[in-house]
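Read from first to last, the chains carry the letters A, B and C; within each, the first residue is number 1.
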Amino acid sequence: MALAYKLIPLFLAWAGAVMVLGRGFPGRRPMVAVAGSAGYAGGLAATFLLVRFLPGDLPFGIIKDAVGAGIILMWGVSVAAVYRSTGRDVPLPWGERFAHTRLGAGICALATGILVGAICACRFTGADASVPVFLLLVLAAVVLACAVLAAERFFFSSLTMYPSGMTVALVAFLLLSSSSILRLDLFSPLTMKVMKFAHDFVHQFFESMLIPDHFFFNSFTWDFIGFFFGKQVGFWGALIIWFVPVLLVALAVNLVRLPAVAHIRQGAQRRKMLAAAIRERRSRLVVPALAAVIFAAAVYQSRFPSVEYWDPKPVSVTASPSGEIFIPKKGEIDLEDEKLHKYLFKQGGREARFFVLMAPSGQWTVDLDACAICKPDGYGQAEGAVLCYYCRTLIPLDTVGKPGGCNPVPVPFTAKDDGIHIDGLTLINRWGETVQATTRIKETGK
Amino acid sequence: MAANIIETSGLTRSYGDICALKPLDLRVAEGEWLSVMGHSGSGKSTLLNIMGGLDRPSGGSLRVGEEDLLALTEDGLARFRRDYVGIIFQQHHLVPYLSAVENVMLAQYFHSVPDEAEARSALERVGLGHRLKNRPGELSGGEQQRVCIARAIINSPKLLLGDEPTGNLDHKSTLMIMELLRELRAEERFTVIMVTHNQEVATWGDRTIYLDDGVLVREERNEQGES
Amino acid sequence: MLFRILKNSFLKRPKAVFLVFLSIAMGAAVATAFLGIAGEVSHKMALELRSYGANILLEPAAVEGGGVLHEEDLPKIKTVFWKYNITGFTPYLFGVAEISSGTKRERGVVTGTWFNKQLEVEGEAPTVQGIKVIAPWWDLRGRWPEAADEAIVGAALAKRLGTAVGKELVTTVGGRSRRFRVAGIVTTGGFEEEQLFAPLVTVQELLQKQGKVSRVLVSALTVPMDDFGRKDPAGMNKDDYEKWYCTAYVTSVAKNVEEVMAGSRAKPIWQIASAEGALLKKLNGVMIFLTILALGSAATAVSTSLMASMAERSSEIALMKAVGADRFQISSIFLGETLIISIAGGIIGYLIGDRLGVFISRTVFNSTIISPLWLFPTAIISALVVALAGSVAPLRRALLIEPVRVLKG
């Protein structure tokens, strides 16, 4: 039931995307339906397989990158649309001409389908990603697509689709679905990036200016500069990055010149033509307006995710010949995001699960994914706390790394500038002791 | 004569038991000026309203231009009125809180988009270039009627309907209005259907029909020699 | 053009427009005030439940006044099994004193407590404990006391004493008196507003109760009580007992804390708060009901006055129809009018309602509210809803007007 509720945004996005495609390629509905559904099935299957066989967060990273590419494409298209609407003749539209061919429409539908399917697949992890689930999802998607395409014919005939609007609308639906899944969320990482960029930029700026002291920067200016370091700047910056293309598309629609009517002598006719042109322009604005609403919904989902635990999949790590496990701070996984990252270490038939976490205070900690008392069901992360999966007890982030209570068992480590170093043998041994102890408790009872 | 712009056959209109219009067959040629005469309650206003898309007939068929008025929805009739018909009322019926030019622009707004320059020139054409900004209350009856005419012709209607447009005016103003309408018709080539009590006004038309108790009783062609 | 029509129509009929505006503004004001109070009440309740609901009150086990707790036991709280789940605790020592400020004298409660005390426990990392940690919702004007002779005063008591931040107070208990400087005035929405808070050591000295504490409030991160948590641990099997033991139910944390505080009895406070919570919930229901009632009557008023003006304007509407306006165009003119009025009414109503809410909560509930941000969109939306609901019937009537009948003769 809860899962069905969580699937709502995903299927909403699928229906929306199919609707947009159907409207965008009016002559090719059957083709759009087939290509889109095929893409959906393909994306779903590929992601199920990728998640199973690729380590860690890599598949999610790929999907995120693909959606991110969609945002960049949307930027390009919207800028081009504004440029063209100013009346300048751009020989550009090979892409547009291509999109109008049979093949172009098919590829567009296919790509959309693949992405929506892939995003949808990320909702199912582990044992959920099975063949029956796959078949059920594809069946639901195909039925939904057919229903939407059948209904689309009767849906506001004045609502016309055009290349830039279509791009924005499709990206909006992709973001709607991706932001409903915590690990595919693009908005929060974007805010972080913007914040870091602003921070670095201001930093560099001041360093390169070689300001010896605050000679001509009074406190007011510093307050102003301080804004760039704040958390707000990331949010607003990301908001701008998301919404500007939508505004650009709306602007482009508005900038398109009205038809020349001066040559029509009769006033009534002249006005009729103008009115028709204005009406069409207004109806074109509906698409970016709806897209903006969907974007806002996506941002909302990202800012206020439905209560969900951060539950990463353990990534396999190996020790160096000297027996040391090294986990880099930067790299495939960004350790400094204040989220716990799980790893799985195997050696000589024994294994240990552990996680690395940077607390909000900036303190590093490495702990077993098990506590000294409970069954080793492991931990997830909720807001401001780590959560024991077995007993659902919340452990404040700042106390993670301290022994005792229901806290995860800490492991000795050294944090260097490049990353975290852990001794493999100590880790394995500590896991062994802990899990044995908890198992013994279970056997002997109270 | 050119093709007929209006064709009716067996057109009736009844309000409950009262039959305002008995089955009526009428043809109006394109560009014709038709006067409709009759006593009060003879059904002449009803006929005018039906042809202007303001009222629906109870039976029969009615074609105006290419439109079958019986088949149109309410919004279809509104579209028909704004595209096809200009109406001049006896009571003028101007919006009291809008100036003369805004009253004309109102018709433009419902039709398509307002165009102030065009509205001004329409008022200048009816000789009101000096009273553009006045509200209806500040205008004389004849002037108000001219605003009404400017509003009626602004959307280049094919059909101009007058419901006793001179009923409230003195003789001098009446002549001025009729003269104006004749000039405008010569330029714009619209068809005029005018309901009147006044025999003299009726003779400005090409043809006069007489209604009595909803029945067409007499029809006569007017000499074109009046002026 | 639409704007010209609307502008002129407004200027022409200021009285009718003002009537509609007034009813919408009233509706929005009442909605803002009541929803603001209701929202604030549930907000405060949530804050208190978050601290109380997950909280534990430690009191002397001996019921007859004699029992006390000992301050030296306090650090032990940070050494219990659930130490990491205990986010904060604060001791309190109460005494009734004669408090005077200038010429005014009042009897009041003097409370000794920790504000933000650096607590060092052997073998544990140092932590900060005190009111600042345990009651983050306290609204303090001024700053927290730092010196031994500084105190903060509850808003109600401060008002009665006519004291302010930076002034001096003298408290007298049994002949001993002590001078305090007011570091801050605190608004909590509760009984704390009638108390004076001073550092624990100072009050212990004043009350001659060195090393004694009357109660301790403990704030802990706990797991919501469920059926499993209410079970008797004695009757559990091994697996269940293990799970119960390692689950941070408020009862188990309370038991844990009770063991280290000599002579204490710990009880989860939600048992105390729940009666109050039920009452507030009912009150909230009444507020929302009143709001709906007020909005409904505002909509009726809007509907009536629009209906009246619609009768006045029927010839205008008939004319517009005759000139060729379709239903959409007619509706957009009339809805446009009411929407503009309602947005203006919503903004004014919000401003009035905001003040009204502050006034009501001060006079009736004797507490201040800070109006939350969501009230503004709520006011605007309720104004729009009132306007739309109020214009349904008049608009229907406008659309049903037959130009032929109205324009005749």
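Throughout what follows, contacts are C-beta pairs under 8 Å (C-beta built on N, C-alpha and C of every residue); 3 or more make two chains touch, one makes a residue touch a chain.
None of the values given here were measured: they were computed from a predicted structure.
When chain pairs are compared by contacting C-beta pairs, B-C ranks highest.
Relative to the C-alpha centre of subunit A, the farthest chain centre belongs to B. In terms of their C-alpha centroids, the spacing between subunit A and subunit B amounts to 65 Å.
Here the spacing of subunit B and subunit C, counted between their Cα centres, is 67 Å. Between subunit A and subunit C the centroid-to-centroid distance comes to 36 Å (mean Cα coordinates, whole Å). Contacts with at least two other chains are made by residues 108, 111, 113, 155 of subunit B. Of all residues in subunit B, only 108, 111-113, 115, 118, 122, 154-156 touch subunit A in the complex they form. On the side of subunit C, the complex with subunit A involves touching residues 81-85, 87, 125, 221, 223, 238-239, 241-243, 245-248. Within the complex formed with subunit B, the subunit C residues making contact are 1-2, 4-5, 8-9, 11-13, 315-316, 318-329, 402-404, 407-409. If you check the complex, the residues on subunit B that touch subunit C are 45, 49, 52, 54-55, 74-75, 78-79, 81-83, 85, 87, 89-91, 93-98, 102, 105-111, 113-114, 151, 155.
Residues 371, 373-375, 385, 388, 390-396, 399, 402, 404-407, 441-442, 445-446 of subunit A are the ones touching subunit C in the complex.
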